[in-house]
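Each of the next two complexes has chain A plus one more chain, namely chain B in the first and chain C in the second.
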Partner chain A sequence: MNPLGKALLGLHAWGGLLFGWLLVPVFLAGSLAVFEPEIDHWLQPERSAPAFSRAAAVALAEAHLRRTAPEAAVWRIRLPTPREPTLGVAWGSDPRQLHEATLDAASGRPLRERATHGGHFFTEFHAELLAGSVGKWIVGAAGIVMLAALVSGVFVHHRLLRDFFVFRPWANRRRAWLDAHNLAGVATLPFLLMISWTGVVILAETFMPAATVMLYDGKPRANRAEVVKSFVRKPAGERAAMLPLDVHLAAAEAILGAGTVSNLLVRHPDDRNGLVQALRHVDDRLSAVADHVTLDAATGEIFGRQTEWNPMAYAYRAQVGLHVVHYGGPALRWLYFASGLLGAAMMAAGIVLFNRKRRQRVGATRGQRWLDAAGVAAVAGGALACLAFLYAGRLLPAALDARPGWALAAFLGAWGVSGLHALRRAADDAWRRQLLLAAVLALLLPLLDLATARQPLDALRLGVDLTAAALGLLLAGVARRCFAAGDELPATVALSAEGAR
Partner chain B sequence: MNALLLPLAVILIVGGMACLAAGMTRTHALRGRPLPPAGTLARRRLAGGLLLVAALLPCVLEQGASIGPVLWTGLLTAGVLAVAGGLAAMGRPARGGD
Partner chain C sequence: MHDSRAPRAPRDLCWRLLAASVGGYALCWMLFVACCVWLPFGKATVWYLTAQFAPLPFVGVLLWSFAARSPARALAVPAALSLAAGLVALAGGLR
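Let's look at the complex of A and B:
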């Protein structure tokens, strides 16, 4: 191999290994985040999923807000959708800091929900590792290395086209793992390039804030305000009855499209200068720009609208849309979910392959033991941590103080225990045991759902249950077939042998 | 009509990938089977390519010109995996092959 090839191989192998430890859980969480509303629904078993009418739901929300917060300066209503079949209401004085409640979409009855991070937990972990800006920097750096690893991988695996459909599970283990790594990488290459690139683009301003700081006096939202028009005015202080919100909804949808309004934001209800802003969803467009129209609350006249966008806004938000997949419906969501998991599986196979080759060369040295344990903890530990979060979401008492914090503790605790276990076991033994445990937990998730449900089983929860069960079967198969018992010495023996040398 | 577009795209893509696989010498070598004539392999690869391109049409008709190509790309992934999985599921070749 020429020097360039060796350099690319080193970059691919070591870059893939070190950042793969982070990227596997990031991809796993990102795949789960595709179904954030469904997981949110599953984690809050108090939520119902009745048949609803959007207009009637808006009327119910308005009635609730008139009873609960008639004097509030701001009301916000989230309309129910098939993926989120509850009615969200919020009120307060600042649109960014509102009191929130969830209502049954058919009856308007308040739902007493448990406190939880919900499905957004996985989105937050995926985007910033639950660590704010520092997490975004780390994820952004990992995304850049991912792009480099993908490109170098194409050059390193020089028989990529020749071996395009090759997968030999019957071959020796190393070759089977290499086939799995190559096949998953080749099949998902367009997706992986796209998702890594768009992820880096989304985070670009976080790790390169200089332009925004210089051009907008350090105000991070100023550039956004330049693109997203805002239609507001001060209250008049004179009372004027607001038109019913379902009338505003119909008027807004006549402009934005039938069935497209996702949120209503009311400023100064029953004031002569009151306004009703209707925001359009982005589920049917690649570029995630949310058209909006603002109506005079008392007369229904159009006060402002934004249905055309700066071309650069379209271009940038298209990359956001490509990443977050609000568009395209169930087919694309499932493709993203499967492709994300395949990407994680590709990296996991690369980690296994790297460690097996290195272990054969250097033996079970202390350094190799740490590499093995990190690999197990990243892959199997990440899956166990996600499952622990879901179990905590259902098993922790609903009235527990600081409940979301305990669920987070379960997530991190499971991950820590996975790492300690992996350090104390031979690599294949740790892989097998932890993957089997993850498989059992995933297979039992539907039973947990049925045992702790507060509402009849609905399609959203059933989807989560069946997906978990299917992934559980897959994990069990991998654990049993790919990490068969009796192949390796226990870690303590290996370490003793190293000490004796 | 619309309900048939996605299944049609899947069929075209899986068919296209299967033709591509059948047109590659490596597939036959791994199965331990005699290699078809070069012309036959080339025709299979051409048919595979045409089927894959044809699958773009139902994707665009179903999802529009901006989202349709994304769906098509995602289905290519599914097609590669379906064909590679199918070949693997056919089992170990009679002799050699790896």
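Let's look at the complex of A and C:
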């Protein structure tokens, strides 16, 4: 190992281990978050997926809002997309606190959905551990350690390039784990550097407010208010019939591009000063900035538009776009999903490798048992917790009070049980049993879907089902192949093999 | 470079952790302040520029804190760089 590698070995090994416990679940949740709309759809089996026309859907939404909330100051409409084939309507007085409902995109019929955190649960866990600003600080710190672990890893595993072409799954156990760690690490290194860097950039807004303090007297989001133009005016208090919203949609798309409007925000419908703002989606551009145009509600004249952006803000939002992968379509989503899981697997292999080495050196001491248990709970426990959340989403009664809270309890409870189980079992036994349980739960997920369905099976739910089943097979293979009972090599053999390196 | 196989004293480790965390935070803060004071661009441009390199000082100082030969050096470098960035910012403020 080169001198820098030697100096950084402690940081790489201990930093990787301690923050790996957090980073593996964060990467797992982040990979799931790539498919947030699909998981959302799966968690709410009341949701339908009919063929729809966007213009007709907007007309249906307007009719619903006119019936339900004719006097509301603000209406918001989320247009259906192939990934989210329902129609969202919302109304109220403050655009940030609206009452919401979901409608069938073809008939306009309200879909009485169960209460759930939905797919957003995984996004929130990924970004802030469900703990708001405190969670952002912790995930930010983990991201910084991840970047340092990646850089130090290049020096620690200095034979990376040669090792990349070497995978010896039938060599002794520890060498195989080292190969797996290196192979996954090198294969995903550019992705992991990019995703960790951009993740820390996104979170820096919370934990590094120096520029906000200096430039905006510490007012959060003031930077955003400066670059995103706002076109609003007070209501006139005089009635003027609003043009139909599908007419506004067509006018907005003539400016923003056909089929690109994702949301409509109406302020003071049927007032002479009413406005209709159309927001463009960001699915076809790297930078996550939503162009928007605001039209006079009664006349359809353009009141304001923003399709030009501060270049530096555009560059910053390109980093955000790189992280949240709304651009690039399904191929790139799958690439992110696979790369994220491979990154989690690389860290999991590092955790196993660390613990095996240490166990051979110090034996099964009390401290080592805790380290082993934490490793199992982080990796297998994280997978079990995510599966428990999905099962709770389908099995808890739809009308249960505080339903989202119970689903959260299932998530955390499964994690706690995983930790307790890991503490009571030998390390390899705990790994095998928990990974096998996760595999069985994942393999049974399609059956759960079919058994608790409320709507005909659609492509979105089928995608979640098949992906879960495929991951279940993979987990079963890992559990049986990598943690098979009673074939651990004697410590002396493994140690002499390590010495040969 | 020191040999990491030699056990590090807990106190040695604490100093390095302090250098990595407080040193990284101080350096990033001071660099941001210096940029805000000196860069001849609009407020939003400066804000969105600084945000994009936020991870760099943290990761650099973290790696340095563990690569440095002694805890004293681990602490001294981020402290000196933060001070320098602070002085640069102050000079800009006094312009």
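Note that in this section the second predicted complex is superposed on the first by the 481 of 501 C-alpha atoms of A that agree within 3 Å, B and C clash if a C-alpha of one lies under 4 Å from a C-alpha of the other, contacts with A are read in each partner's own complex, and residues count from 1 in each chain.
Here is the rule we use: contacts are C-beta pairs under 8 Å (C-beta built on N, C-alpha and C of every residue); 3 or more make two chains touch, one makes a residue touch a chain.
For clarity, every value in this text was computed on a predicted model and none was experimentally measured.
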{"item": "Chain C versus chain B on the shared chain A, clash or fit after superposition", "value": "fit"}
{"item": "Contacts of A:Thr212 with chain B and chain C, given as first, second, both or neither", "value": "second"}
{"item": "Touched partner set for A:Leu43, first chain B, second chain C, both or neither", "value": "neither"}
{"item": "Which of chain B and chain C A:Leu387 touches, first, second, both or neither", "value": "neither"}
{"item": "Which superposed partner A:Phe191 touches (first chain B, second chain C, both, neither)", "value": "first"}
{"item": "Which superposed partner A:Val464 touches (first chain B, second chain C, both, neither)", "value": "neither"}
{"item": "Which superposed partner A:Leu17 touches (first chain B, second chain C, both, neither)", "value": "neither"}
{"item": "Included angle at chain A between vectors to chain C and chain B, based on C-alpha centres and rounded to the nearest 10 degrees", "value": "80"}
{"item": "Contacts of A:Lys6 with chain B and chain C, given as first, second, both or neither", "value": "second"}
{"item": "Partner chain(s) touched by A:Arg175 [first = chain B, second = chain C, both, neither]", "value": "first"}
{"item": "CA minimum distance (chain B, chain C), superposed complexes, angstrom", "value": "18"}
{"item": "In the complex, chain B residues that touch chain A", "value": "6, 17, 20-21, 24, 26-27, 30, 63, 66-67, 70-71, 73-78, 80-81, 83-85, 87-88, 91-92, 97-98"}
{"item": "Chain C-facing residues of chain A, complex", "value": "3-4, 6-11, 143-145, 147-148, 151-152, 196-197, 200-201, 204-205, 208, 210-212, 214-216, 223, 226-227, 310-313, 315-316, 319"}
{"item": "Chain B-facing residues of chain A, complex", "value": "162-171, 175, 183, 186-188, 190-191, 194, 285-287, 318, 322, 327-329, 331-332, 335-336, 338-339, 342"}
{"item": "Footprint of chain A on chain C - complex, ascending", "value": "1-5, 8, 24-25, 28-29, 32-33, 35-37, 41-52, 54-55, 58-59, 62-63, 66-67"}
